[in-house]
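Mind looking over this structure? Questions follow.
For clarity, chains are labelled A, B and C in written order, and residue numbers in each chain start from 1.
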Amino acid sequence: MGCMQSFRQCCDQPKNTNIRISLPAVCFVWQIAMIILFGIFIRYNGESDVHWKENNKLSNISTSDVENEFYFRYPSFQDVHVMVFVGFGFLMTFVKRYSFGAVGFNFLIAAFGLQWALLMQGWFHTLDPVDGKIKIGVESLINADFCAASCLIAYGAVLGKVSPVQLLVMTLFGVTLYSVDEYIILNLIHARDAGGSMVIHTFGAYYGLSISWMLYRPNLDKRLSCSVYHSDVFAMIGTLFLWMFWPSFNSAISYHGDGQHRAAINTYLSLAASVLTTVAMSSLFQKTGKLDMVHIQNSTLAGGVAVGTAAEFMLMPYGSLIVGFICGVISTFGYVYITPFLEKHMKIHDTCGINNLHAMPGVIGGIVGAVTAAAASEETYGKEGLINTFDFTGEWSNMVPSLQGAHQAAGLCVALCFGIGGGIIVGCILRMPIWGDAPDDQCFEDELYWEVPEDEESILPVV
Amino acid sequence: MGCMQSFRQCCDQPKNTNIRISLPAVCFVWQIAMIILFGIFIRYNGESDVHWKENNKLSNISTSDVENEFYFRYPSFQDVHVMVFVGFGFLMTFVKRYSFGAVGFNFLIAAFGLQWALLMQGWFHTLDPVDGKIKIGVESLINADFCAASCLIAYGAVLGKVSPVQLLVMTLFGVTLYSVDEYIILNLIHARDAGGSMVIHTFGAYYGLSISWMLYRPNLDKRLSCSVYHSDVFAMIGTLFLWMFWPSFNSAISYHGDGQHRAAINTYLSLAASVLTTVAMSSLFQKTGKLDMVHIQNSTLAGGVAVGTAAEFMLMPYGSLIVGFICGVISTFGYVYITPFLEKHMKIHDTCGINNLHAMPGVIGGIVGAVTAAAASEETYGKEGLINTFDFTGEWSNMVPSLQGAHQAAGLCVALCFGIGGGIIVGCILRMPIWGDAPDDQCFEDELYWEVPEDEESILPVV
Amino acid sequence: MGCMQSFRQCCDQPKNTNIRISLPAVCFVWQIAMIILFGIFIRYNGESDVHWKENNKLSNISTSDVENEFYFRYPSFQDVHVMVFVGFGFLMTFVKRYSFGAVGFNFLIAAFGLQWALLMQGWFHTLDPVDGKIKIGVESLINADFCAASCLIAYGAVLGKVSPVQLLVMTLFGVTLYSVDEYIILNLIHARDAGGSMVIHTFGAYYGLSISWMLYRPNLDKRLSCSVYHSDVFAMIGTLFLWMFWPSFNSAISYHGDGQHRAAINTYLSLAASVLTTVAMSSLFQKTGKLDMVHIQNSTLAGGVAVGTAAEFMLMPYGSLIVGFICGVISTFGYVYITPFLEKHMKIHDTCGINNLHAMPGVIGGIVGAVTAAAASEETYGKEGLINTFDFTGEWSNMVPSLQGAHQAAGLCVALCFGIGGGIIVGCILRMPIWGDAPDDQCFEDELYWEVPEDEESILPVV
């Protein structure tokens, strides 16, 4: 930790925030690279290719048009899409003068990340061995959005303190790490993680927290990151779209039929329970029982994070409520006590409190998944149900639930390691004084990277 | 009414608005009770249970995965979900300093109400006689959202004048009354009400108006509930999401295929007509033809309310337009003349004007439903069509359309009785001076129940 | 052009902005006319009629309920609906004191236009020759929304400078022209245009620009149309909902199965590429690399416009990225150089910059469509694929791709002619001094047509 400190100091030089060369350069070079790589590697998959109907006929499969994967997953995909762009984007608009940065850079990162994710995830998951091409369909789009989401979670920790170029670098590495991490957890370890408690939330949150630790600014004035009345209302747009569409998030890539159905129900219930316990805790921590918008905006979502892994399992409706109950309590507690603690004693400044919304609930979600998997019985699931739910097929046909529980736990550890390890390395890279980040007194200020209109309000009093 | 008055006065004591004990206590106790009751009673239904595929095979039903109820109803469910949380929540943000309360308490009430609704509606509708368990699926979630919606409608009448604890009590009773009411109307009386003109809107609105009557504050300064420029724009978010997704609301639980299809078309048309007549009336009532945001925010939605019951019938496209036409006119007229009348002469202060948006259009919807049902002919519907549309099966196989019309009318009366009667009783309970409601001069003020950030604007002029 | 000038001047008389008679009259008369025409002409189509199941049985078609057209298109329809009402509405709220007009008149125009579109498009496309009735279903609703969208695009050019009565007249003619235009392009010329690059965007944008040219105000103070901080955040709501749901827009009426699937993928990719090149260009054009909200709000969407025609073709993922890349660059360039040029040298004031967002990308989209169609080979598409994609059936069964390319190009020319020609004629009509439009110094000011609440901010400094 001493060496970390000295590396930090050596990077602290006067800031040059002009990004007129670096930002366009990165965007253009990257987009051209994407076009070339997509040209070499990416093609439509069987269900989005124009030969779909012909091939079905040739194979004597008499499918109705409605059995195209598109109709199973497209409505969920659109909900996930809204969560990524409006949900995460507006959730971060609460900072009084950083709304452009919140929603605009969120937009940039996501659009950048999802292209790279299609390639990275394609290489690992949907590479066709026959022609060496990645075949994409609607499920690929969902997975790319998921991957982008994990980088947006990390953005929450450093919101207002980094330049757009740093964000792009962070996303580039984040997507890469995510894809390797996901491959290890889902394919090598064979853990299940439909809603991504481990793969998306735990990884993304610890990745962001570690970066924030590396980029710690001891002299930052945190009052700059407070909200105003209307910015809090804007943030509620983000909160609500995340909250409402979380059942789609957790069920988007579950297996067809009862799998998606059950995942949606479990998530719906867990989220509802989180709202009540968040309100209770928020009121309890104030002298006169007043509610705090920060808690309502964030902790109400913790139940959705924590039920991610187990959403498609037979968690039972009351099980979902219990998960939501616990997470609402812990997450609100985190905002009141753990965030200040992290900042004071660990030198981690977490702008949006992702430790409370994603990190802790993500770990809880991983544990719930492991326990639920280990406790799965043939009595509850039926023989076929066990095979379907945990995918005990092929080389995994000899797995049993108790062992699956251990694999789930192993998956959680991998996500933690990738998040923390990756974050520290990327944080080091981002400390280099070439990325155009803001000086301390201009953090949380759109003025630096945006043309900001003059407000009537700020003109009037002068007159 | 004299005794009402005296009861009112005896409850008028100095207000204690500290809710630090009561709010957390209610939330925690209630959430724990929910967990226990869900543990005892609630299980997945056949289509969300892991045995779904196995059971289909055993029963020799060769269904495609896409015939799981999930795919018929989930997109509509998500739209309804958006209406309940973003639609109702943001519609009420128009009050200049009560946006936190509008969107935040809306969130709390809905998350609270939907859990209790799953239980109450489950006991009445989906209790499995074999094992005594309630079996839930996506349709249960929609119905729970519907039930929460009726309580949110009631919230509109008392917005800004009650404490969150009062809201929870009001919701607890509201959901209970709703479920009994719904059981009587749909099952005992056998009325049809796909979009809930009677069950949701008429009940919810009269429930809220009666409570508002009981809680009347003679010395309230109504100027506190006016809007500012940006709060009106926020409210338009609510309006538009309600307006756009209303076709999903009215078709969400219609029968598969042409039923859902027709309900969506009818609602789409009725809403479009409402917009034009609302604009016309709004302009007509102002000296220079200016439009009033209150009308645009609310009366444009009246067509959706009024077409609820008849949406799945063969109302015909022009019939839908007529319904929308009439409701736009009446609702706007209501905002201009009836709301002030109710307040002045009936001592009912209706913050959001739910009388104009839900009560009157709801009653019109019930009447339209009764007339359309009574006029249904085998010529228009076909024999099978009549049976499907009005569910003339089982013990109701001898019903004829004219009699069905009478049953529809009876259903409307029941909804009115439950709304008014229930509202008066619950209003009495809410007058007790133990709930922490605001004194008159702090109504419509977030400061009382929320940590409100200091605004730049309010600081600047002092300098 | 000299005669244009003199006509302009003869119409320039003192403005009477009282619309208390004209606006209600137009709305009422029009809505009554709609009811009558719907009564005469419009009925449910086979899949939304109550006889659907009975007829399927009679025809010995054993379809599952889920094969009702409703389930193929309804989720996309709802997304398109959100784009039309929230997307276009909020995108235009950026003007600091014209947010009511942006979102409110958008609402009015769309609700007005879609009714007339159902009739006009019905007469051309779905008139049943047996009974002379127009049969509507979910696809008709999508097409009506599309048609309304083209009028909303035109609104973008004249935002803040016209009265609501003018907007209704403009929409009335716009829908009429659109429907004829669409019939010629799709049916007579047999061009394909799933996402409407030509039919919706090119037509709508040139229609609006021509009207704006006819209504040019030489003395307008453009500073009135600038934004404030929060109005830019509101506009991002519009941007994001347009951006996210554009894949649904372009795939909404593509053919079932792989057609819709592929259209969604292509649009998703094209839009992602647009975001990166827009950011790059926006940063490049500012001295210190700052981003401009106007570009982020608009040019990020250009990729969706330009991929409209070719979305359902085998454009290939990299092809979509290239289209998005180019359009992001050109559209941002347009905001920086072409919009000021048009204003200064062509006397076209384009409030929202629709030339950059719809006109140029629309034309590019038409060209991309023509080239892609001409280059279509049986190798890529397969025999059946070619027939399905380009609808080489019936009287067009002898078409070949190269000829189809020429037809696509012809379609683009027709769209341009209708847009420019129609716009000039309608612009002449709108110059008549009877429509209640604003004097120059009250443009971009809600005060004129709306009851605007007094703001706290504007009161405070006086104290």
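Methods note: a contact is a pair of C-beta atoms (placed from the backbone, for glycine too) under 8 Å apart; a residue touches a chain by one contact, two chains touch by 3 or more.
All values reported here derive from a predicted model rather than from experimental measurement.
Asks: Chain B and chain C share one sequence, so how far apart are they rotationally when you fit their Cα atoms? Give it in degrees, rounded to a multiple of 5.
Replies: Between chain B and chain C, the superposition angle is 120 degrees.
Asks: Which is it for copies chain A and chain B: same residues on both faces, with over half shared, or different residues?
Replies: Both copies touch with mostly different residues.
Asks: Measuring from the mean C-alpha position of chain A to the mean C-alpha position of chain B, what distance in angstrom results?
Replies: 33
Asks: At least two other chains touched by the same residue of chain A: list those residues.
Replies: If we look for residues of chain A contacting two or more partner chains, we find 64, 66, 71, 75, 230, 237, 457, 461.
Asks: Give the list of chain B residues in touch with chain C in this complex.
Replies: For this pair, the touching residues of chain B are 64, 66-67, 71-72, 75-76, 79, 96, 226-230, 232-233, 236-237, 240-241, 243-245, 247-248, 256-258, 260-262, 264-265, 268-269, 271-273, 275-277, 279-281, 283-284, 286-293, 296, 300, 314, 316-318, 321-322, 325, 380-382, 384-385, 388-389, 457-458, 461.
Asks: Which residues of chain B touch chain A in their complex?
Replies: So the residues of chain B touching chain A come out as 17-25, 27-28, 30-32, 34-36, 38-39, 42-44, 47-54, 64-66, 68-71, 74-75, 78, 81-82, 85-86, 89-90, 93, 97, 99-100, 103-104, 107-108, 111-112, 114-115, 118, 136-138, 141, 164, 230, 234, 237, 448-457, 460-461, 463.
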